[in-house]
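Chain nomenclature is as follows: A, B, C and D, assigned in order of appearance, with residue numbering initiated at 1 for each chain independently.
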Amino acid sequence: MTEMHRPLVISAPAPRTLDLIFTPTALALLHRRYRVVEADPEDIAGLGDETLGEARYIIGQPPLDEDTLQRLPRLRAILNVESNLLDNMPYEVLFRRGIHVLTTGQVFAEPVAELGLAMALNLARGIVDADLAFRDGRELWGGESNRSARLLSGSEIGIIGFGDLGRALNRVLSGFHARIRAYDPWLPASLLKDSGVEPAPLETVLTQSDFVFVVAAVTSENEGLLGADAFAKMRRGAAFILLSRAGVVDFDALVAAVERGHILAASDVFPEEPLPLDHEVRLLPGFLRSAHRAGALDVAFRKMGDMVLEDMELMDRDLPPMRCKRAERETVRRMRSRPVTVN
Amino acid sequence: MTEMHRPLVISAPAPRTLDLIFTPTALALLHRRYRVVEADPEDIAGLGDETLGEARYIIGQPPLDEDTLQRLPRLRAILNVESNLLDNMPYEVLFRRGIHVLTTGQVFAEPVAELGLAMALNLARGIVDADLAFRDGRELWGGESNRSARLLSGSEIGIIGFGDLGRALNRVLSGFHARIRAYDPWLPASLLKDSGVEPAPLETVLTQSDFVFVVAAVTSENEGLLGADAFAKMRRGAAFILLSRAGVVDFDALVAAVERGHILAASDVFPEEPLPLDHEVRLLPGFLRSAHRAGALDVAFRKMGDMVLEDMELMDRDLPPMRCKRAERETVRRMRSRPVTVN
Amino acid sequence: MTEMHRPLVISAPAPRTLDLIFTPTALALLHRRYRVVEADPEDIAGLGDETLGEARYIIGQPPLDEDTLQRLPRLRAILNVESNLLDNMPYEVLFRRGIHVLTTGQVFAEPVAELGLAMALNLARGIVDADLAFRDGRELWGGESNRSARLLSGSEIGIIGFGDLGRALNRVLSGFHARIRAYDPWLPASLLKDSGVEPAPLETVLTQSDFVFVVAAVTSENEGLLGADAFAKMRRGAAFILLSRAGVVDFDALVAAVERGHILAASDVFPEEPLPLDHEVRLLPGFLRSAHRAGALDVAFRKMGDMVLEDMELMDRDLPPMRCKRAERETVRRMRSRPVTVN
Amino acid sequence: MTEMHRPLVISAPAPRTLDLIFTPTALALLHRRYRVVEADPEDIAGLGDETLGEARYIIGQPPLDEDTLQRLPRLRAILNVESNLLDNMPYEVLFRRGIHVLTTGQVFAEPVAELGLAMALNLARGIVDADLAFRDGRELWGGESNRSARLLSGSEIGIIGFGDLGRALNRVLSGFHARIRAYDPWLPASLLKDSGVEPAPLETVLTQSDFVFVVAAVTSENEGLLGADAFAKMRRGAAFILLSRAGVVDFDALVAAVERGHILAASDVFPEEPLPLDHEVRLLPGFLRSAHRAGALDVAFRKMGDMVLEDMELMDRDLPPMRCKRAERETVRRMRSRPVTVN
């Protein structure tokens, strides 16, 4: 392809870098197919009109105003290489013009689901404390150490939020012959059924589960959705696994429910990150801690580049993007999320 | 059923008890259907000829000699409520007479498989050490803590031994889209294929796997099967998960391979149980310890009674037992196992 | 809900009727939730401004012009209760305003997939001719009649087009342990892989398959896609099953390929429907005929109403529709389809 | 291997031939590993003592008496390359000596299951009559021709007999999200559950199914099991598919139930084979006929040789055979079957 015909891409993926989100092979392909202009995300407007006038794609989620958008007449998509949608561009204009805003958070679904399953199995079998006891020579052997052990196989499982994470979780749970219920007010019941889970109200998911997984994104409507009442409704000894955003739960209430022995819990997310050194959850028995490690695997980030390339290739052929997730007019304002500062 | 018509069962499940292996409902059913004579396992011969002459089933694995067997003309099955087969009865006589010797170790397959999967995920994601670091305020956040993290999804997995445990493991792995190879010299290749795994030589399983699970029983032929050579052949950084019997591996060689950082490992079984307090594996980094806890769940033991009842019901109708596993003429002498002393 | 608060729906589903597409229960629900104004599809403009001014949804696919659309300020969605998109409304305006145009053709996926599988099995086993021979007393017994019989299990299967139909087909094929390749230029390869099929070029699908299923919609780009060349490339004796639209193939070339014995074929669609009485395909050996019967089951039509209700309920809560398929800005003009005249 | 060390096999597979049941590759392997002595099945006793004294395996199901068996001291297995067990050898002696009697009927499971599914789909969609009407120019188009059409997806399905055929059927049905119940008095309920089907009494299977598949072998207990009563209990319009042996049903009652329009039916087996030319089932509407074609595929027969080789290889290593099905002491006398005369 001659230089002139290669479409122009503005690259502004900060705080991420192209090297983080593309494998070397994919990066080479990106450069072969496109002219890539690296840009300061804080100053897209500073790019010349020649660049803006030709740009077909933006990789990243830089702030954009209406004026700048108007100088981007050929823009077809903003591929934001994140899970979230910041409130830093006039989405209505983008939707009106048919410019897709695409997120790639799907890449985290598999690693998060695997960690979530691991957490559930760890709580069910007390693996961490058993290993510590073994190190200290305090271990109990055989059945004696299994008084509260239980199985996922044949259990009742609840999933709160059935987006990409929920579906990935459902997939890794598929070998356990468990009864899986899902609560997701943004999805029709029949779609949940098609995925092989039972649609259920939140109340049922809380009261009828041995394991509850929270994989819902925080929205303007579900902040603090799960509080003291919710935890009190759970089965005694059930396990609560929090994987998406701390904002969905009242964290103090969660700690209290574990503290009084009503439930077990595991969490990958916390109200403050890093968490203060004196936070009581650090030493809380019955609680398994993970420092926002669920999704942030190199192998996951590297899939973002593949997704971006696949969707740009479709759009280059005047087809709609099918791989990344599109921001939706109806929901873009409800997604509450903070910019990532670390990966 | 009148008293006379209820078939007679000799109960000698020590060291286990009927209460351990039957739920209350199943135990009531046992007593409703059968006359149950409790016996001292060490003195079956001491039972009167009237009892022996009528006994249709023995629950347990008591020592039996030819004379006693001759006094048991109506015996149809010995349901040993264990995984192993002791060398304490004349099996040839039993086989000749068509008396089934049935084991119920299948009940452990599900709990062992779940723990095995948990161990693999723990090694892959460093969950125990991450929780400890979090307790101590030394935790790393996000990607920084995931430098060596990896996924089961899409990985290559090897299973050594494809009996009940191997099949249960394969089932809980079914949601991971992994490439699963199995080595089992006692099974035809086509049967492994029918189960959805690739039959492979031991060499391939060792060299081509990211995760190796050992679920083979110890036999007279595979004692110490996996030694220094085997571990050296494994991929650097691969995980070795030992679930069946320590006798299958050269444990010192395993420890050495982990110590020098070549592989990670987890084990539920040890050369001595309990393990000496000064054994180096207790503090070995890269090793996850479990004190023979994989199968010994109450919920597993309680399934034994159900299996026993189902198979006795079939035999009462002159049908072959289909639920428990039958001792086989060809292999009974090859199974090397110690009596259980604790559950 | 008071009369005033029930949202207004314009009903113009002709040639279909609400009774065809709603179960009695669903229809009752529709009327309970919404004010339903029946309209002549040819004269939506003739509805008063009061009706148009309040209408939130249109059920059906009536012609609409820009003026009428302007008189529909609260319109959120046109639920067209068909598979196709007619070129009878200014889609650009609709997209700009964020009015969803929704199709419900998904309901046909399951019945079409089942018929497609049945056709493949019929061709593989010669079921129709065997039954006819049996009626006439000419049947061959056992192996003698199976000279050209073959299995789907373990075969190589190609699917052309991997939309709802392709996915449904893949699902009903899941028990056959076949190697399934799919060709779909509108989808990224990774999405096909996620569905468990191998993405493949058309050439490979044609040359490497024992069974080829065509479930692609006709677009402006694929009309007559499969001609004499394509059929010549197929394996000798392979089966070609046409399920979507006759326009995708050169029908005369298909007939010729079957006539000369190179392939077997089955089709549910024909270049003219009804087909002339003297068309040679009517008596062509090696060809299984179905008169556009694949999808048109009552049970399928009745699901349309459920889909419509589920998506309207989401939109009523200001959420995006998730059940029906949305017309896409990029592809709406490429879909070539005729209005349905009969169901 | 030197001549002396190659184990000796007596080959007497008539009416089948080694060429039918072995692929060329497998046959070469057989001859490489074993000395193969072809024998007249009617005169095994006529073989010299040298041959009999060394024979390890017999391929086929020739008549054997006690004397001949005594002259076969090293015999380990009779691999009968059929589905049935004839009453032509002293099984008690064989069981006492631990000589395995192995059947290979499993090879038919897949082809029978595929035909069974095809039959069910044919009945559900009226495919044969629709094709005939199309040939004659009498076809109805679209929904008009689908008045009685229905789906397997989401239906209730009953399977009578859950041996190899039942399991293969369950597998090809796995993509249909149907509710599958199975009745098999020879299997414990928990084993059916493990296979993912609901164990159910015969009554429930008959009354609660839209499709009933009969894949039970005839035994001394189930001859004529399904008669007028059974068919009367079935749902109006349900489909009855007979795949195993005609002896399980009262065929006249089946014909009558179809004749009066209560059920639809398909059958691969008939009370007499070949069936008299004037039998009324030949022209019975609502009945799909197949002349014992379900299993007799070359590809199936050729798998027998593979199974035989795999199990002989295990027995050569003093391991039990795991691939073929073993005759069981308890049931061998209950299997009622006629010798095959044609394949």
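Note that in this section a contact is a pair of C-beta atoms (placed from the backbone, for glycine too) under 8 Å apart; a residue touches a chain by one contact, two chains touch by 3 or more.
The UniProt protein names, listed by chain, are A, B, C, D = Hydroxypyruvate reductase.
Keep in mind that this is a model prediction, so the values were computed, not measured.
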item: Remotest chain, chain D (Hydroxypyruvate reductase) as reference, centres from CA atoms; value: A
item: Whole-Å gap between the CA centroids of chain A (Hydroxypyruvate reductase) and chain B (Hydroxypyruvate reductase); value: 38
item: Whole-Å separation of chain centres (CA-atom averages), chain B (Hydroxypyruvate reductase) against chain D (Hydroxypyruvate reductase); value: 34
item: Approximate Å spacing (C-alpha centroids) for the pair chain B (Hydroxypyruvate reductase), chain C (Hydroxypyruvate reductase); value: 51
item: Set of all touching chain pairs, with the criterion as stated earlier; value: A-B, A-C, B-D, C-D
item: Contact set on chain A (Hydroxypyruvate reductase) toward chain C (Hydroxypyruvate reductase) in their complex; value: 95-96, 98, 185-191, 306-307, 310-311, 313-315, 317-320, 322-323, 328-331
item: Contact set on chain B (Hydroxypyruvate reductase) toward chain A (Hydroxypyruvate reductase) in their complex; value: 110-111, 114-115, 117-119, 121-122, 124-125, 127-128, 130-135, 137, 139-146, 149-153, 171-176, 273-274, 277, 282-283, 288-293, 296-299, 301, 342-343
